[in-house]
Amino acid sequence: RSGEMAKLTQLIDNEVFRAYATYTTIVLLKMMLMSLITAYFRITRKAFVNPEDTASFGKGESAKKYLRTDPDVERVRRGHLNDLENIVPFLGIGLLYALSGPELSTALLHFRIFAGARIVHTFAYLIPLPQPGRGLSWAVGYAVTISMAYKVLKTALYL
Amino acid sequence: RSGEMAKLTQLIDNEVFRAYATYTTIVLLKMMLMSLITAYFRITRKAFVNPEDTASFGKGESAKKYLRTDPDVERVRRGHLNDLENIVPFLGIGLLYALSGPELSTALLHFRIFAGARIVHTFAYLIPLPQPGRGLSWAVGYAVTISMAYKVLKTALYL
Amino acid sequence: RSGEMAKLTQLIDNEVFRAYATYTTIVLLKMMLMSLITAYFRITRKAFVNPEDTASFGKGESAKKYLRTDPDVERVRRGHLNDLENIVPFLGIGLLYALSGPELSTALLHFRIFAGARIVHTFAYLIPLPQPGRGLSWAVGYAVTISMAYKVLKTALYL
């Protein structure tokens, strides 16, 4: 058993893999933060979607008026969905990239730029910053993922 | 080739990794079930979104009336999206956590509580249960993921 | 350090794992393409959702009219969400399946059919093809994922 464990921890002891673990955890935690921000805006704007969520505001019509959409809530939800659309590819392609034997410095460059771009994207979406702020931050994260995908296919291609 | 295979299967022979594989597969299958429930409600409520999906109901206006939203369909879709938002972080952070060398009993506790919380969340959303049922089940899964993220960053942090 | 690297690259040298890496990267890139197609339709149809995205069309009412939904944009977005709902389970279950020691030919069959089904699904959604074209392509990808999940649970089950 401890022999197996030793082999497993070799993976987590590898510096490229540790960097992947660190930045993946950071961007996933950032994505999870969107749930809390959505909840915050739903409560402060009193804008809910499920009838059972407005029960504490009373019954009937007095509660029903809080079943509505709010621009701030919808904005956070769009940011959350954009995270899913971009962080899921990073999760998968980044893992394969980390296992494809990149140089540590190159890998760190990819992971840091991706994480930075997604954090900037969130601020650009929520403040919001004028375009092309949000567009550029999205494109940078996208390009990093494409670059990692290229390395994975170059190293591992088996059709 | 068989030497490589032996090394690969060492990963799947590790008990913590097997537990991760089991519970991840369970929650992903549970998430996939949401597609079937959505399809079931779309068909029984006759509520579709794509014109080509209503072609079997005839042409023109007679089919067009089934291009509508239905509260039950929308409820399942919200549950499905909530699964994506919460199970994707579990997928990534849970994998890194399983590789970070946790105690088997601690890992099992995390995986079991997360899977249980997400199953309760689905029932709470679909029945629906009065709040804070759904909110609490969501928070429990969220907290488990944060706890695993903490262990990953403590073990692997490499910025 | 180079000893660790050697061990890591053993994973990527395994043929089943290389096949997983290849097909996962392909379906994730295909999913990422949906972002570009959405942007293309938003720009050509002039249908935006964020006020800051319409600033280049002028100020006030002249720009506000481009804050609207467009059927083609919404169709691509539904295809993108369907990808997320189906490719996330493939990402997780496929990885565990690749580590569960399947025959190379069986694994290739699973990965190829899944990737093919998702590509057909995208064309079926965007053209659109008459049903049951889209429904069948969705079901094929779904069935492949269930088949891999069965193998994972049979090999690794640890509750």
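Things to note:
Order of writing sets the labels: A, B and C. Residues in every chain begin at 1.
Here is the rule we use: contacts are C-beta pairs under 8 Å (C-beta built on N, C-alpha and C of every residue); 3 or more make two chains touch, one makes a residue touch a chain.
All figures in this text were calculated on a predicted structure; none of them were measured in a lab.
Simply put, chain A must spin 120° to overlay its Cα atoms on chain C, rounded in steps of 5. Counting the residue numbers used at the interface between chain B and chain C, under half appear in both copies, so the two copies meet with largely different residues.
Taking each chain's centre as the mean of its C-alpha atoms, chain B lies 16 Å from chain C.
The residues of chain B that reach two or more other chains are 7, 11, 15, 17, 84, 88, 91, 95, listed in rising order.
Touching chain C in their complex are the following residues of chain B: 1, 4-5, 7-9, 11-12, 15, 17-19, 21-22, 24-25, 28-29, 31-32, 34-35, 49-50, 52-53, 55-56, 80-81, 84, 87-88, 91, 95.
Put simply, chain A touches chain C in their complex at residues 7, 10-11, 13-17, 75, 78, 84-86, 88-89, 91-93, 95-96, 99-101, 128-131, 134, 142, 145-146, 149, 152-153, 155-159.
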